[in-house]
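Chain lettering (A, B, C, D and E) follows the sequence in which the chains are written, and residue indices restart at 1 in each chain.
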Amino acid sequence: SSSSKDNSVKKIQDKKTITVGTSADYAPFEFPIVKNGQKKIVGYDMLIAEKIADNLGVKLKIENTEFPSLISELKNNKIDMILAGMVSTKQRRKVVAFSRSYYTVKNVLLVQKKDANTYNTIASLKGKQIGAQQTTTQESIAKQQIKGANVVTESVLTSLTTELSQGKLAGVVVENEIADNYLRQFPNKYAVAKVKLTTPKDQRSVNIAVRKSDKALLKRINKVLIKLQNNGKMAKMLKQAQVLQDKYGK
Amino acid sequence: MFGFMKQYYPVFLEGTAQTIIISIIGILIGILLGLLFVMMRLSKLKVFEYLARVYIAIVRGTPSMIQVMLIYYTLSKVISVPQVQFLGSGLDRVIPGSIALGINSGAYTAEIFRSGIISISRGQTEAGLSLGLSEKTTMFSIVLPQAVRNILPALGNEFISLIKESSVLFYIGVQEVTAQALGVGGTLYNFVPPLIVAASIYFVLTFLLSQLMQFIEKKMGRKYIQSN
Amino acid sequence: MFGFMKQYYPVFLEGTAQTIIISIIGILIGILLGLLFVMMRLSKLKVFEYLARVYIAIVRGTPSMIQVMLIYYTLSKVISVPQVQFLGSGLDRVIPGSIALGINSGAYTAEIFRSGIISISRGQTEAGLSLGLSEKTTMFSIVLPQAVRNILPALGNEFISLIKESSVLFYIGVQEVTAQALGVGGTLYNFVPPLIVAASIYFVLTFLLSQLMQFIEKKMGRKYIQSN
Amino acid sequence: MTVEPNIIEVKNLKKAYGENVVLKDISFTVKKSEKVVLIGPSGGGKSTLLRCLNRLEDFSGQVIFENQDLSAASKEKLRALRQKMGMVFQQFNLFPHKTVLENITFAPIKLKISSLQAAQKKALDLLEQVGLKNKANAYPQSLSGGQQQRVAIARALAMDPEVMLFDEPTSALDPEMVGDVLQVMEKLATEGMTMIIVTHEMGFAQEVADKVIFMDQGQIADSGSPAYIFKETANPRTKEFISKVM
Amino acid sequence: MTVEPNIIEVKNLKKAYGENVVLKDISFTVKKSEKVVLIGPSGGGKSTLLRCLNRLEDFSGQVIFENQDLSAASKEKLRALRQKMGMVFQQFNLFPHKTVLENITFAPIKLKISSLQAAQKKALDLLEQVGLKNKANAYPQSLSGGQQQRVAIARALAMDPEVMLFDEPTSALDPEMVGDVLQVMEKLATEGMTMIIVTHEMGFAQEVADKVIFMDQGQIADSGSPAYIFKETANPRTKEFISKVM
């Protein structure tokens, strides 16, 4: 496109590949499955990434690493964009550019089924251990809102939910969609607590991150997102990812 | 590059204290388990020897990260520790975590003890026995004191690697120095400077430990190795 | 509990292959660096000795996880590796990652070589020199072959710990066995069973390696240690 | 020589390490106050035999010491019997982490045979006898080999043994140290101690021995008075060995 | 004895390990075909002196070998000179990872002094001389100490040395092995080899030596013909030492 001042799109098209960075332990956004004996990283984010690649006419390559290192990876040109359920916080906006939002986050507290009605207020969580993934918005929500609780941070979400299921943690702050998936998968094990967590405005929208210099790419990505939203495919893809996780997460 | 330290140094201090504490607990438990398992390993009862061999083989054959997580999940079902906060982490994590470190270290310590015992020539045991001393007295008063002296360098190395391995406790939510560095790195969106700080802290800790070990070695040795 | 394996075994196979490959590269680089640094360490040129000491001290005094991340970030700025996919990870990660493993292992290997060289009595060197052989020939034809044989067990241990440590490459996105296990755990929303699978894989790998080392040891030993 | 009772009887002693039969059917007796010297080529089984006498090795056959069967003795019994047999090793085997005095007093005190005072007094007496009273507070490593061996003898004597077993006590010593140790042993011999000695010091053997046993390939190949073994024997293996080492 | 030129001249040789002065101003000469025996108490510096002669240690003072100053020699020169001095150690120091034959042929082949065939032929000749031709393909560990030492002598001889240095070649041996090694050395002596020998075998010294040097505390305390050292000397330290070891 003529308006772009940089050659970020051209570079990708020359390479014939766009590399997306993600941290595939965050179903249904991104998670590994085995299909026909082949490992694949799938999920809502990956479906969107594919559409972007299609639109650019290039192949999609997925780099799977730890969530906390994704932004470093992007800055070091190891990847071209991040789709990892990443929320566009003020802090992050200082270092990377974000696309328009493709998902709005609501955070909830995932608890054991037996505690479904135990934690109704912030006060009821006083002195309890609450888990949140390190360097995520959930960590800051837990730390800022659940006053009086002890926040435990670890790098992998699953290790937190494993602890929850064993009673080591009273609850884990997770994104609504993930909580839903846990409930669907293990209806007898988990529940969402009644306690209200507010998700601050700047921590609500999930976006795609690119380098600040890659303005042309960002423009292209926003175009794709608008199209997917308008033709209703976005919602379908989320469903599709949930179904996949239900199927493979057994 | 390290300007962030002005703001974040308390986090690193807390993490360092946590690392020191879990390492000390881990080392102590490792020594106790090491003694127990080396006795089992050298025991004439085949069951004991077998159990000790299996323990040592499993610990040495699998990554400590996985061990710590599995031990932590198991231990936390068995022992109950009050959820008191301590240097930014619950004691119910710090304690099983350090025990897990100790269980890991015990296997290595047992092997070090064994090499030390083997290094003391059979002649020392025979001299003890031929004086009519019991096998236990010979082991504890004649062989072990010499063995400990011989294995001090190896023990020092094991303690140093325990300090470094203690960073795996970050997987079970213990906020030791690596966890803190990664947290700060995540906030800064740049891991390199906080990791360099963490590495320097480990370097200082392990350096101090190795100086301490050398001091002990000299002190134990001075008595009886006099060049004539 | 392990029903998921029916579906997910290819992931673990791929991860295992990746672990094996990075370990082999790491071991080879470690041996080369070990040889280089032991020669520097024993060199009469103080600069070399000093450099080797510093390298060994830094590597041994800091956690391998931090080393790997720092080396990776540095290397990836310096050397450019094509981003070819290989067993689920980019070569641009696999290669700097295994080099980082090798740089870590090299320090330990150098110290093992040194202990081996020291263990060969000064008499062997003197016998070589007194025949008019050069110091280099004496080192490479007389001392080193014997040293290598003496240090095989220690080298074996070092290789085993390298295999286990290779799991730190998952921090830089190399999809080795631990990374795969954690990923599968994410899909299953439970990662105890995949971690047990990963631990078993490491156990088998390290067991096979130690068998191999014992076989080599016997083979090297058979020749000349004959009980008379 | 008066006729004394047997203090040690070895009957059909056999010992193998795996396939390797090291002692084949050894029988002999030692009378009270008798000095028996064992000689023979390397690997012949001399050390193994001494170690069996103290049951530091398991074996088949019988070793009867003061009318007690060692092979059948309980652990406690065995410890009591071992106290009555002093043993001196080729490599001295002093405890390097204890002073000379502690080396000598450790067992008597630990086994509650003497009080600390009594044990120390006795140790100093013994050190005086072996000419090392001034080394009481030294550590073994600071002594020469000959001095260490004399301490080892004092250590064994501190238990008031009935028998002393010596396994090549001088062969790890520098030549000029050998004399001092042999002198201590000669003195012991004159005082009437029962002694079994493995040695290559043929002069000493001729002088001190009541009986010389020539061991070869795990067997008693020849035995008799020093005069017999060193001069009269017709056994070709004994003769060959003697000619080599004299 | 004909008057031969000096093959080795040692002038004011001094050697210290840190503070510990081990050799204090040693001077002596060795003539071609001469047999010099070094005796003296342990720690007196005999081994250190031999090692200096081969410049295995750095030292101050001069060692002149065939009119070349060893202390000033370049690395290559030094290697060439060392080839002309065979050295036999107390602990044999055979290369355990090489067969007997390889032990002997390794240096000549590596240094391109002989072809493989020539070296092997010579090695077998030498093995025959020391009575071990049948052990050519054995590894050192399978040999007895005496056999190993004889191989070590053959290894040194394979370089056609002008001088042979022996450092207590028999003191690590079982007594019945000593004779075989001394016999090989005696033969060498008769054949006219220049030899410097540290030994405690006084009988051998008396028989073979042209000159005996008594070293004590890093100095030549006494020296002369065997008759002088063993019988006539008035030096009290020599006399004391001789009385102890004879």
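FYI, a contact is a pair of C-beta atoms (placed from the backbone, for glycine too) under 8 Å apart; a residue touches a chain by one contact, two chains touch by 3 or more.
Just so we're on the same page, UniProt names per chain: D, E = ABC transporter ATP-binding protein.
Everything numeric in this text was worked out from a predicted model, so none of it was measured.
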Graph separation of chain B and chain D (steps between touching chains): 1
Chain of greatest Cα-centre distance to chain C: D
Farthest chain relative to chain E (centres taken as mean CA coordinates): A
Of C-E and A-C, pair with higher C-beta contact tally: A-C
Distance from chain E to chain A - Cα centre to Cα centre, in angstrom: 80
Chain centre separation (chain C, chain E; CA means) in Å: 45
Centre-to-centre distance between chain C and chain B (centres being mean Cα positions), rounded to whole Å: 22
Chain centre separation in whole Å, for chain E relative to chain B (CA means): 51
For chain B, residues contacting two or more additional chains: 69, 73, 191
Multi-chain contact sites of chain E, meaning residues that touch two or more partners: 144
Chain A: positions in contact with at least two other chains: 69, 72, 156, 159, 162
Interchain contacts (touch definition) - all pairs: A-B, A-C, B-C, B-D, C-E, D-E
Sites on chain C touched by chain A in the complex: 3-4, 7-11, 14, 73, 76-77, 83, 85, 88, 90, 92-93, 170-173, 175, 179-180, 182-192
Sites on chain D touched by chain B in the complex: 51, 54, 56, 75, 79-80, 82-83, 85-87, 89, 91, 93-97, 106-107, 110-111, 139-144, 152, 155-156, 159
Touching residues on chain A, where the partner in the complex is chain B: 68-69, 71-72, 75, 91-92, 95-96, 127-129, 131, 134-135, 150, 152-156, 159, 162-163, 166, 168
Chain E-facing residues of chain D, complex: 41-42, 144, 174-177, 179, 200, 241, 244-245
Touching residues (chain side chain C, partner chain E) in the complex: 121, 123-124, 126-134, 137, 141-142, 145-146, 149, 223-226, 228
